[in-house]
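One structure coming up, written as structure tokens, with questions to follow.
Read from first to last, the chains carry the letters A, B, C, D and E; within each, the first residue is number 1.
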Amino acid sequence: DTNNSSVSAIKKRGTIKVAVFGDLPPYGWVNKAGTRKGYDIALAKQIGKDLGVKVKYVQVNADSRVDALNSNKVDIVLANFTVTDERKQVIDFANPYMKVAIGVVSKKSNPITKESQLNGKKLIVNKGTTAETYFESKKNITVQKYDSKTQQFNALKNGRASALADDNSYLFAWVKNHKNYEVGIKTLGPSQYIAPGIKKGNTSLLNWTNKEVKKLTKDGFFETDYKNNLKQYFGSDIKASDIVLAKDYDFSK
Amino acid sequence: MSWIVIQQSIPIFAKAFWITLRLSLYGIIGSIIVGIIVSLISYFKVPVAKRIGYIYIELFRNTPLLIQLFFIYYALPEVGFKISAEVSGVVGLTLLGGSYMAEAFLGGFNGVEKIQVENGKAIGLSNAQLARYVILPQGILTSIPAIAANVIFLIKETSIFTVIAIPELTNTALDQIGMYYHTDESLFILVIAYAIILIPLSILLTWLERRTRRVAFGN
Amino acid sequence: MAEQLLAVNHLSKNYGEKQALKDINFTVDKGSVTVLLGPSGSGKSTLIRTLNGLEDFQAGQIEFDGQVIDSKFKAWLPIRQKIGMVFQSYELFPNLTVLDNILLGPLKVQKRNRDEVVKQATDLLETVDLADYKDTYPRQLSGGQKQRIAIVRALTLNPEFMLFDEVTASLDPEMVRGVLEVILGLAKQDMTMIVVTHEMNFAKQIADKVLFLENGSIVEESSGSQFFDNPQTDRAKEFLESMDF
Amino acid sequence: MAEQLLAVNHLSKNYGEKQALKDINFTVDKGSVTVLLGPSGSGKSTLIRTLNGLEDFQAGQIEFDGQVIDSKFKAWLPIRQKIGMVFQSYELFPNLTVLDNILLGPLKVQKRNRDEVVKQATDLLETVDLADYKDTYPRQLSGGQKQRIAIVRALTLNPEFMLFDEVTASLDPEMVRGVLEVILGLAKQDMTMIVVTHEMNFAKQIADKVLFLENGSIVEESSGSQFFDNPQTDRAKEFLESMDF
Amino acid sequence: MSHSGINIFFEGSNFVRLLHGLLVSAEIAFVAIILGAILGIILGALRTTKSRIVRFILRIYLEFFRIVPTVVLLFLFYYILPKNFNLNLSAEVVATLVFALWMAAEMSDIVRSGLISVPKHQTDAGKAIGLNPVQLFRYITLPQSLKLMIPATINLTSRVIKTTSLLLLISVMDVINVGQQIIEANQQQYQNGAFWVYGLIFILYFILCYPLSLWEKHMARKEAAIQNG
């Protein structure tokens, strides 16, 4: 039954359908050989392993993550899904596995270091991200909204706007490859968390995933994941503890 | 589906609606101008220009607008040629539409009976005068259904502008979905919005087709 | 001897492989009526169209009013103004009124004064009994009316020479008479013309000279009366027999 | 007295507001030829099409071979097989060869034996001088050839009755004769037929009876010779005059 | 930079992956075109029947697919249908279905106008030799209108192929989606990868559609030649 995402149904089916990004190194992307790679992908693999099922990846864009769950296209979203109150109303989040905040990247030659500098300027965001929601209400900023990560970064490189806002975790990685740019604003707004997204009402998978994330955190899985998939993409000023939750993190908060 | 959500979303969709309309209009006007020029060049078999016209038509008729826009908006700046999103959209639409319109006009021009053209020559009209008094007025009549069909097609194609971040109707709908997860409501408004623009045009198209057939076949 | 308006010398024309006209030679005197006869596909239309520059040709030359036109000649525009032509199908411009159809050439090509041309057009329309139809569109007219207007349109350019290609062939039988009478009237006013027709009685009445074509060649050339009463070639005899049931 | 094949009683037909046929009455005897004459738009085609069930009608009845057909009658299919019809425009099916055009009706409608029908078709094609064209497509034929084949196609259904609607009107003058001769041949074999034509000489030769229509009514009905030599109504006189130049 | 941009295609399996993406698009288009054409012919024939209700319903069907942009159709069928009707189809199947239904709608209009453009005197002649309505359709109307429909159908086919470019908006790994993966994965080495990748995709689509365009012109010319004798 493709519409049932309970743990037993997934096990019976033998595959778990996971929504991931395909164009967002180093979280979810596809390498030259055509293999999916990244921090999120490693988690997906681990979950598949622990459930004893195969993993089927469904590539999504940021703005279709909720619908992918609600239309049963996927069982779980592991696509750098930031926990927000709005999203909690339409889907459930399991325990978080990453820390994040909104960051703003701009040209080194013309850096944006304070939010107020954006007034009267153009800003690039990706549709359906927390950055978009954050800047949506700011009337003085012209927000350009793109469908995918490729498109938004391309637009920034082409000088379509003064800056780009997205989760700082991607931006750190991106600037390492693009030496002319810097993350002028490292954190904006409250600090937030990335967590697996699960369809509302699917308590069986939710409970399972909660336990799974808790266990993996305690076991140091995410620190290893960080070392394998992220470290090389970040500058030396970023440490594992900036991204990964502490082993003894209290999930009951 | 929630009516409150629909009501609240209307102002933002109204804005998008006008953007769609405005850009469609520019694109359509551009297409018609390009179409007439290219079709006349091809009709009178102007040397060299005719060849360029052919390459242009085939290149743009046989590739998706989405890729044309990607190329114009994301790829060309990498080699130093940059125009804004709206201009990119209108240029893309005009180039695509121009190739379709050229075919439509040419179909009409070729439909002008040979005897009419000869007859124009027989009373001494030059090529330019032939175009002005015989070929354009008679040819356009028969190409009107094809032109109207192209207009509908081009308006629908503006939905692809979403990929270059122009806040037209489709972009706005996808955005509302991504931000507030009102998928049903947003797609519903979107369909209604396109229907408001396109249903009258579609009715007009049917009427034009019937009328042209009557003119052509006299019944 | 009458003055000569047109001379055709060794004219040949091909459509690709197909030779449509083979070594055509004849002359047309000013004020004379030449009738072209011949079976379907013999090249009558091709010949008459070539004389108005609507078809190019491969060899020979046409001498019109002293000007020599050979196969490389391109500038037909000025010559066409001196030659009027009427075709088989009703070829008025459907997008223009009757009057605008007539005025187009004189005003746009010849750049003549509008009032003068309107006056001339109105007079000519009267002679073909169609003065009331000035402002109607061609679709409201019968085939016979359209052809008479096509003739007026050609005449308003003040041509020195008229070409008629089976102008009654697509008309209802009852419409034919009116059109032929107009052409007969022109002949009486000594208009120089070449006429292609299948109406034998009419041809007999009007022809000063008959050219009988077959397979792109002139098979017989004779004066009008001689051709009908005493055709020289067997082919012409056969043809004349087939024309009356 | 000859046996009667068809009787038309008080037949009326409208196209919307327009009355195309008004109270038409006449009979057709077996083996006779009836010619329909009349100006354009007088209703000749409408009448002949109504007799083959191609148009419905509002009042009156048609009696064919003893069977009464009134305006509500739907089952034209079997009756049409007894009536052959040939139209003005060359209406061979362009997608089929000449032979397939001819075979379609006998094989698909009458379900006859193929060999027998092919034999009949070949014989008939020979009588119209077109035996060699069996496997060509209509587009390769001249108008006159097409019309002769259309006649063969109708005859291969073994009709008791033939309708011809201006079958030579779109033909080149030289093609007319061949087609008319085929119809004349049929008349000599005592085929019952109704013929619409504008060829007056032909009509004179073939008509046993003439019906002269105007404005949807029969204005004059007389024997063939009487109509041409001594028309009764002014309108018929006028019409005959307009027909020869 | 030591690399020429074009080398982006020779990194790893990039080029093969792009071609594979193209194959995915082409497969979806192919199946949709076949299904759509069959359905379209049936619907087109039905649109010439006398029944007003049938004609009205089919007209609504046509108008819906003609008016709603394909992007929107894809979203409707991919996200809304499963949510509201408990029907869950893979992205490829949804895409095929949407394109087939769209093709069928436009095709029905081509078929209808082809059928009604068969001259009345041809059907009259068919009736005159006693053909019944089904025979009339089978032997006269359909074969004669087919020729008129072919150029328009080829044109529609190439539009369907081009529109597969929208597949990237739902989760189909089509040529453009793969292209974007490649641009991102190789951005470190190839700063102007977008130019080359989008350029190649442009050419790939052209190679796919241009033969159809030539074929369409060829058929139209052939038909014109037949019409003019």
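By definition in this document, a residue touches a chain if its C-beta (ideal position, glycine included) is under 8 Å from a C-beta of that chain, and two chains touch if they have at least 3 such contacts.
Small disclaimer: the values here were computed from a predicted structure and weren't measured.
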item: Chain labels contacting subunit A and also subunit B; value: E
item: From subunit D, the most remote chain by mean C-alpha position; value: A
item: Of all other chains, the one whose Cα centre sits farthest from subunit E; value: C
item: Rotation, 0 to 180 degrees and nearest 5, that superposes subunit C on copy subunit D via CA atoms; value: 175
item: Pair exhibiting more inter-chain C-beta contacts, B-C or B-E; value: B-E
item: Whole-Å separation of chain centres (CA-atom averages), subunit A against subunit E; value: 36
item: For subunit A paired with subunit C, centre-to-centre distance based on mean C-alpha positions, whole Å; value: 83
item: Approximate Å spacing (C-alpha centroids) for the pair subunit C, subunit E; value: 52
item: Subunit B, residues touching no fewer than two other chains; value: 74, 78, 162, 174, 183
item: Contacts with 2+ other chains: residues of subunit E; value: 79-80, 83, 191, 194
item: Subunit D, residues touching no fewer than two other chains; value: none
item: Pairs of chains in contact (touch as defined earlier), listed by label; value: A-B, A-E, B-C, B-E, C-D, D-E
item: Touching residues on subunit B, where the partner in the complex is subunit A; value: 73-74, 77-78, 82, 85, 162-165, 167, 171, 174-175, 177-181, 183
item: Residues of subunit E that touch subunit D when the two form their complex; value: 119, 121-122, 124-132, 135, 139-140, 143-144, 147, 226, 229
item: Subunit E to subunit A touching residues, read off their complex; value: 11-14, 17, 78-83, 86, 88, 91, 169-171, 173, 177-178, 180-188, 191, 194
item: Touching residues (chain side subunit A, partner subunit E) in the complex; value: 2-3, 22-25, 29-34, 58-61, 64, 67-68, 70-73, 147-151, 153-154, 157, 177
item: Contact footprint of subunit C on subunit B as seen in their complex; value: 113, 115-116, 118-126, 129, 133-134, 137-138, 141, 218
